[in-house]
Amino acid sequence: MTLQAPVPTPGAEPESVERAAKAELRHPASWLPTVKVTAGAFLTALVIGAVVIALSDDDVIESLKYFGTYPWDSFTRSWDAIWSSYSALVKGAVGSSNAIASTLDRSAPLICAGLGVTLAFRAGLFNIGAQGQLIIGALCAGYVGFTWNLPPFVHLVVALVAGLASGALWGAIPGFLKARTGAHEVITTIMFNYLAASVLIYALSHDTFQRPGSDNALSPKVDDSAAFPRLSIGGFDAHLGVLIALLAGAAAWWLLERSTWGFELRAVGANAHASRTAGMSVAKVYTLAMLLAGMLAGLAATMQVLGNQNSLSATLPGSIGFDAITVALLGRASPLGTVLAGLLFGAMSVGGVAMQAGAGTPKELTDVLQALIVLFVAAPALVKGMLRIKESGGGATVMAKGWGS
Amino acid sequence: MAVANAISDEGIVDVRDRTDIRRQAKLVSIFGLVLLALIAFYSRIDDFHIVYTLGERVIKDDPAKEINAQPIMIVGIVVAALALLLAAVNRVPKGALGALGYLLVGVAFFSGFIIWCYADQSGAFSVAIINPFPGTIRLATPLIFGAIAGCLCERAGVINIAIEGQFLMGAFFAAVASSMAYSAEMGLVGGILAGVAIAVLLGVFALRYQVNQVVLGVVLIALATGLTDFLLSQVPDDPDIKKYLNEPLILERVPISGLVNIPVIGPALFNQTILVYIMYASVVFVTLLLFQTTWGLRARSVGEHPKAADTVGIKVNRIRWQAVLLGGAFAGLGGAYFTVGSTGTFDSNASAGNGFIALAAVIMGRWNPVGATLASLLFGFCFTLQAQLAFLDKIPGELLRASPYLITVIAVAGSVGRVRPPAADGEPYQS
Amino acid sequence: MPVKLEIKGLTKKFGSFTANDHIDLTIEPGEIHCLLGENGAGKSTLMNMLYGLLDPTEGEILVDGEPVTFHSPSDAIAVGIGMVHQHFMLVPVFTVAENVMLGREQTSAPGVLSRTKASEFVHQLSERYGLQVDPSALVESLPVGAQQRVEILKALSNEAKVLILDEPTAVLTPQEIDELMDIMRSLKELGTSIIFITHKLREVRAVGDRISVIRRGKVVGTAPPTATEAELAEMMVGREVKLKVDKAPPKTGEVVLSVEGCTVVDPRGHQVVKDVSFEARAGEVLGIAGVQGNGQTELIKALLGLVRPDAGVIRLDGEDISRHGPRESLDDGIGYIPEDRSHDGYIGAFSVRENLILDLYRTDRFSRGPALRLDDIAANADHRIVEFDIRTESASTPVSSLSGGNQQKVVVAREFSRPLKVLVASQPTRGVDVGSIEFIHKRIISERDKGTAVIIVSTELDEIFALSDRIAVMYDGRIVDTVSPDIRREDIGLLMAGATPDKPEEVTV
């Protein structure tokens, strides 16, 4: 994941070195094992999912009662159940332009929050706090969005900035605590998630955040002047945030791989002691990395609040902040990987709803599948053993440390 | 820097230790804040009369008693002022005497806070202060189970973030086992088995495949959450079937005759379910196991310096497996609390983040089962207080709700450096 | 009963690398057999096979003529082999008694520890072998010499007949080394065979009965203890070794760095550097000698701004830099070769190219605003790799996969790629092959001749003598004396053990 550097040929000019670098980046040996292991993990999870689908299907259970006499029945019915579930899932995710729009819409916040987790990972920090950062971002972006009166474009920008800045601040606190006191970020970010949830519920109990005419703890929608513009082409209809998420991925890549600050961040993540000896400020990197992580989670929040104009409620954040962790893990803490993983999990989540409606298989199955995929990706040796993949490599690149460091 | 480097007789240069300066600054500011808060409470109270009962609720046979709390308040202020004075001249004792001092200041602050909360009530009748300890023990029970599970694993060098996942699985399968067997006690067995199941996954991936244990824990929680939600959605709404799956019997309270009549702590400690009594025994068992037995010495050596253990012929990963599996059993029991130990039916996300609080208790308790138990009791106390103070409108409930999390952040941020985790915690070992 | 240990054709391969190549050795009952070899010659691999920590690829081990196979250390312990590891295998937070009994616990009932029995056992054991230790002391609170006694007792508690001592003298003062040699001789009297591993020639000649020399995984010969140092050195390295570095007399200039009354308190509240004052001049090498753990590490960290001194002033060209952090120190022109390079010197997961700019990435040479200049970074790497003879597959190879000597060359190349006023080199050649040692020493001297003030910290007296123009000796956090490199070894040994220069009779250890 570090910058793939070129092989120096004796007497080579810098230009040819640069070309060599690009060639090496594309060389299959560097990424093929990773792709194979990831695909293997995905397949394995699907197979386990298929067994679960079959075993939870009423017809199949029925047929098992006479398995001894007509075993074939069990197999055909299992196949029917599995096929109808998975085909409904795929169709629901990418089967129409409408479905693709939903998938993108669903993926955008996952990608943004996932990028936040990824950046923190590369600095050697395990950011479990995306959920809290997202809640605070949603709260502030929403507040600006439905209480302030500003001209259309200005309103959107101000609401966006409010979401980003508040998420960033919320994220920066655990980073700062880690830098100053050594408090482990896993514990503090978890606690900050609960604190954020408390803040949200507290805010929703106030009149400012109460939607007129509703008895539930539900806020108004943001004004149209603060909403993301929509992109509509034929049946495809999504908000602008989808594009912003992809841009965020590109920005994160540039920051990590091409900037001096990304160099510092990766250095601190790989060896904080050597980085400090080389004159870098570990405290600054920890704080800034978490600040950026929080900002990206805040961006994810604006997708929900300004993009889909959802109301603030206790259930608004859903599990995006936690799914972001699995997205970043599947993406192996690389920006490109995170974007792809976000798209995959977004598709699975949208497809899961269609699967429940179409084939009666509970949508929670996709949560199980996602956890299994990441579990297998984390243990490449297991996947390679099962699928007889021989290449070395494809191991996890995520760095997270125990309590001591 | 114009510090005189006088060399004393012992050959030590006479410079004041920075940690000592920091300690003084910290103590002065903390005690100062406590004193200010107490004075603020005092000045805002018009009528110092409050009502209280030693029972868990006000009943006819045990009516609430009234007391004038002004003297208590004044004593508290004096205690805080004295502590501040000692801190200002940097004469706060260290060790046990110091701990006693901190405890006194804590009690002073806490009583002042409670008095302020319950004084000057405007309603038709006064809400009484009730005995918070029975609730504390109840709510701390799952936390303690989770925390001692965490201590077991981490002392042997395996980080267990997945306590929350073990809770969820334990809660679900306790409900199923209890419903199927018509026996709340069988529910406990179901809980243990489910906790061990997650522990097996933890062991396979952490010990066999050497997956980063912090990452693994988070993934296992996601798996347990997804799995329990999936299984819950598979339980049909048909009441005839549901009663065999998710309508568990609940553990009955078993008062221990004689002991239960001790005032204040009797009903707290000895009027509980069998699960709570198992919890008491587990704390004692795990403490003795870790510190007084051959297995415990070996387990701790494996968590501190696995190679040293290996060189004297100890099978590092075998010991770690044993610790992880045993921990799984305790965490599963903790999970059982959320169904058969309290409300009965399993709901989505039944453990509501208690696993994370248990994890915080492990760290706050310095990887010691007794310390972790005390930390869990503190959290249980916060939860109980929050429930009780919700009847008063002095402070918003959400703020109280957030208090355990704030306490954790402050405790973890304030104690690092002085607290040392097992040296090889989270590091895979391959012999 | 003393045992005879034979090793026949023992071979260990790690992938394509052969660490031990058909090694034959015989350890006679009751002898002290020295195993001499450079760092990385394969001594530790051999011993780890003898102790059941590694499985041999080929060959066999015979105890009293019987072939044995070890699957784990417990098998080796069972036949009477004990090992004192270079990095002590002691649990720091356990007591001495707990450490000694670990694995063979003293119990009062099945499975229940008896700490009183364990203390008694340790007490008896220490009486029997004359090794004084307090059974109830926490190991982490003991000085290194005492920890080593615990490690020896632990091995002896298993009734060891053959004791392997792996580089036991690296952490000891000269006086403690003498004590250890007495212990070795008395153990031999009691019938224990000893395999003594070291790369220090003096020691093998002082205590050995027989000397086997290992080079590149092979036994290249055996010698009697009467062999000269030059003969042994040649066998060890494979060619005539120049123990001296060619250098001209220093052209000493102005004082560049001056330290006055520097005192450092560690986080546990102990004063580790006490009132240290010294000066370093342009164009000279100041050697700081001393046994490990006498405050050198902390003093250097204070110079670099990695810890802030609790008292005292550090001046660079007259300017007070005591409150500067590491980045300011770099900008001030202080170069640093840290003692633990994998910890502080380089980032193993980063490529050679990235490590070569680890503290230069924000200079205009390698960045343009927030963006890295990738072309210049690549060109710099190609240049340095040639200049410093860094043996690497490519500039994009992660530094962790390089050999120790080449890793150190990456660090040295980086530090020498900017103008320096002061160079601080801590253990610059630890764990480095002989070829790289000579290269690094030469570069350090040429840096001196450019007019840089050089400070060398080393626990190896040979290195101190080879490079220094003046030698400051540290003991217990102080500089006890500053001497010229003409001083006799024995005298500097006394200084390192804390004897004050005027009254050498007051030696206390």
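For clarity, chains are labelled A, B and C in written order, and residue numbers in each chain start from 1.
We take it that contacts are C-beta pairs under 8 Å (C-beta built on N, C-alpha and C of every residue); 3 or more make two chains touch, one makes a residue touch a chain.
It should be emphasised that the depicted structure is a prediction, and the values quoted were computed from it without experimental measurement.
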Give me the set of chains touching chain A intersected with the set touching chain C.
B
Ranking chain pairs by contacts, what comes out on top?
A-B
Between chain A and chain C, what is the gap in Å from one C-alpha centre to the other?
46
Return the distance between the CA-based centres of chain B and chain C, expressed in whole Å.
45
Distance-wise, how many Å sit between the C-alpha centres of chain A and chain B, to the nearest whole number?
31
Shared-interface residues of chain B (touching two or more other chains) are 417, 420, 423
Going by residue number, chain C touches two or more other chains at none
Two or more partner chains touched - positions in chain A:
none
Chain C touches which residues of chain B in the complex?
1, 3, 5, 7, 11-13, 15, 17-20, 292-298, 300-301, 304-305, 307-315, 417, 420, 423, 431
Which chain A residues qualify as touching chain C in the complex?
2-8, 12, 14-15, 17-18, 21, 24, 258-261, 263-264, 266-267, 270-271, 273-281
Once bound in the complex, which stretches of chain B touch chain A?
159, 161, 201, 205, 209-216, 218-220, 222-223, 225-227, 229-230, 232-234, 353, 356, 359-360, 363, 396, 398-399, 401-402, 405-406, 408-409, 412-414, 416-417, 420-421, 423, 425-427
Show me the residue ranges of chain C that touch chain B in the complex, using the header's touch definition.
51, 53, 72-74, 77, 83, 85, 88-94, 98-99, 101-105, 107, 111-113, 154, 261, 263, 265, 267, 269, 271, 274-275, 310-313, 322, 476
Help me check something: in the complex, which residues belonging to chain A touch chain B?
52, 56, 126, 128, 177, 180-184, 186-188, 190-192, 194-195, 198-199, 201-202, 205, 322, 325-326, 329, 362, 364-365, 367-368, 370-372, 374-375, 378-379, 381-382, 396, 398, 400-404
